[in-house]
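Got some structures for you, see below.
Note that chain A is present in both complexes that follow, paired respectively with chain B and with chain C.
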Partner chain A sequence: MSTETVKAAAHRVCETTGLSIFLKAQFFVKINAVLAVIFLLVGGIAALLLALTRWSNVMLLNDIWYYRMITLHGVNMLVFWIIFFEMAILYFASTTLLNTKMFSKKLAHVSLALMVAGAVVTNYIILKGQADVMLTSYPPLEAHPLFYLGIILFAVGALLVAFNFFATLYIAKKNKTYEGSMPLVTFGAATAAIIAVVALLHGAAALVPTFFWSMGWMEMMDPGVYRLLWWGLGHHSQQINVAAMVSVWYFVATISTGAKPLNETVCRGAFILYILFINLAAAHHLLVDPGLSSEWKIWNTSYAMYLAVLASMIHGYTVPASMEVAMRRKGYNKGIFGWFAKLPWKDPGFSAVALSAIIFGFIGGITGVTLGTEQINIMAHNTLRIPGHFHATVVGGTTLAFMGLCYYLVPLIFQKDFYMKKLARIQPWLFGGGIVLMSFGMSFAGTYGVPRRTYDSDFGGAILETGFDPIAHIFLGLLGVGGVIAFVGLLLFLVLIVTAVFFGPSIKGQKMPTWQSAREQKMTDDLISIGYEEEGKDYHIKTPGTIVLVLIFLLSFAIYYFANWAALADLWHIR
Partner chain B sequence: MSIFHPKGNWYRPPTGAERLWVGLALAWCLVMSITMPWWHFQGKQNAPQTTYEVDPSAFIQRVNQFVETNRVGEINNVPIVEPEPGGDAYLLGQMWQWYPVLKLKKNQTYRIHVSSADLQHGLSILPINMNIHVLPGYDYVMEITPTTAGEFSLICNEFCGIGHHRMTGKIIVEET
Partner chain C sequence: MEKEKIHPIQKLMDNIWLLLALGLAIPILSYTMWGLIELMNIPQGTLP
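Right, the complex of A and B next:
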């Protein structure tokens, strides 16, 4: 690190990693992370109420509040929590990892103000009961104009952060604050930022005219066109989450085990696949929509999505393989899985990320690709199978990975230590386990056709009575139990983070306290202190454990995929 | 390290186990890419394609005419309507019911026109669990052949206002 070039900007050197942390950027990392966690709490309370309502023996809320809470939950979790946290990642990855100050502090303040104003306005109008339209706000369903305006303000703020990020990359390059190429984590963050720009432009195309319509200035947008554009926002946002999540996987893999990417070309190539081939994946939300041809649907799902799927499958190998190599370099060479058992499972940052990768891949990924198949979607569209899938990607995957990152963010950026470390160690398991149960409950209830976004699974008061098999209600119970467990895990996370950040012992000027034994930490430190090594230096180390893991994954994928085709063949004929 | 800067020319194609996995993953993606179009030609269950533009009021008129001509009974004040096998049938999604009740014959093919009078709806046929999306202004034509007999429920699975969870309907399929 050349310190001369950064003298102008106030910074400190991290005692743990040796990286420079710029104080202005650090402020925006902190404030965005804190705001993210606040909205996580709001969304989490709504989640608990929803789980206790879909649990058909409990049915806690009334119908009005159930629909209001879904809207609140969706907006706070999928938009405010995740994007505020991603903004923190962008500020961190562009400054500390590139050894540069941020491009513009003023711009950062403006974007922050816009995002906070947007989030507050949207939450206000939802809680006031004037925007019971769900996150998707499909016209002709109409919300109060402030609902659309709030989201637009928030999106503009996020767009400005992305601009600030790119400008920071530019000045780092121009000022030569680093040698060689940008680190993989920054590359992943840049991937997320590029996709974010595309997503937000789609969002503007859907929501700005809809806002004008709600003001009476314009005709209503065609509902089919709205869905196409809105999912250009909705689906791309998930790809922002995936790119950010995978960057966090790489970051935590390095810092907790000393892993390094096996092959920069492959890892970066996979990120580029996300940028190039996710563009049309909005299609798999429209697979059983009128007005679109099968050619359009099949081309846009298989061609575009499967190369993005390929990217995730590549990361699904490279991340564990890099850890396997690191562990074998430390001498954990016993058998195929000896290294796996010796991974730092006692470190909640690591276990959260490991669980995130497993839940994202085995549950979220496999179900997502399968349900996103044109024909299979006939038996999944708008059933609980869909939230069963995306809670495994965006909660079990992204949120859990971000929680894992927080176990490093607090000591490294806030320079505080945790209380209740024993509880911290079980937190990722509690939250991840709860989400897995809930996701299973949703998915299996969905195979009976139980709809998502529906208050009463018994359809009480309908003109023509109907209902579900009792087994479907057992799965709704599982959904409820899983949701409660996950909420306890979420609450524990918040308690740990808040007590550490506000009341925790300061560790300024010290190394981050380790979660591992001193001996293991020393081995990890030794690997990290090597810094960048020439490619292929440790390539003679084989990764048999990871190969077995990914083959198990591929087998599970194939079984689930073809089982769904088999189930499809039993349906009525339709074309 | 993923947090440090690679230097020099770090381009290197994948080798060994990594190359094996990239190849396997790509092969699997190709299998999935081929399965979808293959089923499109060979499979019996495909997403309907035929769509006509329609004004909601015009569609309601067609539904009413269809009900008048083909009415065969009534259940809870909802007309039961039996279309000609091979012919057109109409199903209207509205806040908050599927209208009318359709009476079909097993193994006969029908062209069921589905549209909405108001908001977006999700047509879900239970317990077989078949689902399509319904938009106002779009006349979506399902060419459907019931292969099992019995009484089937219709529910709505797209949020359509406060009565959404009371929006139901029915299809009766008779043995031939």
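Right, the complex of A and C next:
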């Protein structure tokens, strides 16, 4: 190949990784990442206001602004922040990692313009007060047509990025810019892109007719059909996050510790299980919908979906296991967890990703599979337990992993260094800790029956006496305190990123500054460049620490799962 | 030079277009089409 293709396109060679970074693609990585962070701020401000409203002793907003902010928060966090960032990952994974230029710069500009226009229009109409319909916008709730149009424009733009990504994969393969199978991180990004295509097609099927309805051009769509199609967008898009997040885990595990996947075939197999089965999980949202049969619900949320859960457990083992192997290879062999203590915890990119994996697996994963069980779901549906679950997956998992990646994007792509490194070291802990508290607060308040999406948890002004056990209000307070801590962590992240990107010292022509000691960094560099094969030792199968972690995880899973069945038996006596 | 023999599973894993097709087909059949068929076959409700 290949060298011609590389030479033909303007590029630079990364001093740290030795990878070719194509300048056109680099622009789109940068601009998408910057836009993502801007919308993260918008969604984060709304999140703080919501946390201070659900905190029942504070109740900051009035009801109108509560629903406006919940719409703003959902759209910016679940759609704009995350998808803009994922677009940056697609450009990076398809060009730099495959050593090829992007397929079409014009297409990239068009998709960027559509996405920006869509995001701006949607935010404008929400803040104008003409779209207080929440992210789901279930009919007969009706928003201004610009709300639907904005999301449609954004989705079309994202679909064009996915097309550009697949076309880049095609030209890379045709030009033989890489040998053998594509790199695992790119394969993970391709998994995210495939899931994105499915999600965006469902989004079009739900939102285009709803847009026509809002214009008065057609009848309202049947609410049951809308819910089925909309969750094909709403939940599928969270699976894009899962695939992208796992790809980030693999990338950061390599760059921070020198880890290599234990068995690439198994890891790829797990990604394929995502491609085939993870989208069926959208049925979780419809478990109490009367129009769908138990066969449909149980097949989609259990039998088939558990194959995707298996995939997450494979990744959940292989990522820490690969790091354990790397750390033992460096000589950290003391006991079962000696390697764990010596991981590069001072590197905020690493600690963010490690916390992401722990929060995603131990809180998000366990609660998700349990709440997705049809029988148990009846206790939890539409309670705060549901946001308690997905804030652990989408925020504690995906957002924290993407924050971790930013600690590498800034030096590697923007070629800038950070100020305030001591604060950077605590930022992932602050944000992750806040999210864990908030998730616990939501989950436990939800177990007392506190509903999600409801302005006044006590139903003030209701004719009959209502309300919840006073303990529920303590957990709502925990939700609020956790939300405030997480917001401080988010704000700190933004300050660190903005000061580095716009005012940070340039490191052009230099290697990325290390967060580790020089000795540690040399060992990591050696593992990446030289590899593991030395002295005839086989380190690839010795992962006792990870096995113990896996057993702790499975035990936690079993306890939580059966505790919920016990709670169901208490609630629903069968004689 | 003799061409290296590639395992069929590996070929499947490397065929992104086949994975794209399967990734579209399975959820659309299992979740969307099946769900739509069930919803479309609900008899019209009548007022009491």
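As a working rule, the second predicted complex is superposed on the first by the 554 of 575 C-alpha atoms of A that agree within 3 Å, B and C clash if a C-alpha of one lies under 4 Å from a C-alpha of the other, contacts with A are read in each partner's own complex, and residues count from 1 in each chain.
Following the convention adopted for this analysis, a residue touches a chain if its C-beta (ideal position, glycine included) is under 8 Å from a C-beta of that chain, and two chains touch if they have at least 3 such contacts.
Model, not experiment: these values are computed from the prediction.
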First, second, both or neither for A:G291, with chain B first and chain C second: both
Chain B versus chain C as contact partner of A:I195, first or second or both or neither: second
First (chain B), second (chain C), both or neither touched by A:I275: second
Which of chain B and chain C A:K522 touches, first, second, both or neither: neither
Touched partner set for A:T265, first chain B, second chain C, both or neither: both
First (chain B), second (chain C), both or neither touched by A:K421: neither
Per-residue touch tally on chain A - higher for chain B or for chain C: B
Contacts of A:S181 with chain B and chain C, given as first, second, both or neither: both
Touched partner set for A:D222, first chain B, second chain C, both or neither: both
First, second, both or neither for A:F557, with chain B first and chain C second: first
Chain B and chain C contact sites that coincide on chain A, given as residue numbers: 181-182, 222, 224, 265, 286, 291, 293
Footprint of chain A on chain C - complex, ascending: 9-10, 12-14, 16, 19-20, 22-24, 26-28, 30-32, 34-36, 38-39, 42
Interface residues, chain A side, partner chain C - complex: 166, 169, 181-182, 187, 190, 194-195, 197-198, 201-202, 222, 224-225, 228-229, 232, 236, 265, 268-269, 272, 275-277, 279-280, 282-283, 286, 291-293, 296, 299-300, 304
Complex contacts: residues of chain A adjacent to chain B: 17, 19, 63-64, 67, 70, 97, 132, 134, 138, 140-141, 178-185, 222-224, 227, 250-251, 253-255, 258-266, 286-291, 293-294, 297-298, 301-303, 306-307, 309-310, 313-314, 317-318, 321, 369, 373-375, 377-383, 447-449, 451-457, 459-466, 468-469, 528, 530-532, 534-536, 539, 542-544, 546-547, 550, 554, 557-558, 561, 565, 568-575
Of all residues in chain B, those that touch chain A in their complex: 1-8, 10-18, 20-22, 24-26, 28-30, 32-33, 35-37, 39-40, 43-49, 51, 75-78, 97, 101, 109, 118-120, 122, 124-140, 142-148, 153, 155-162, 164-170
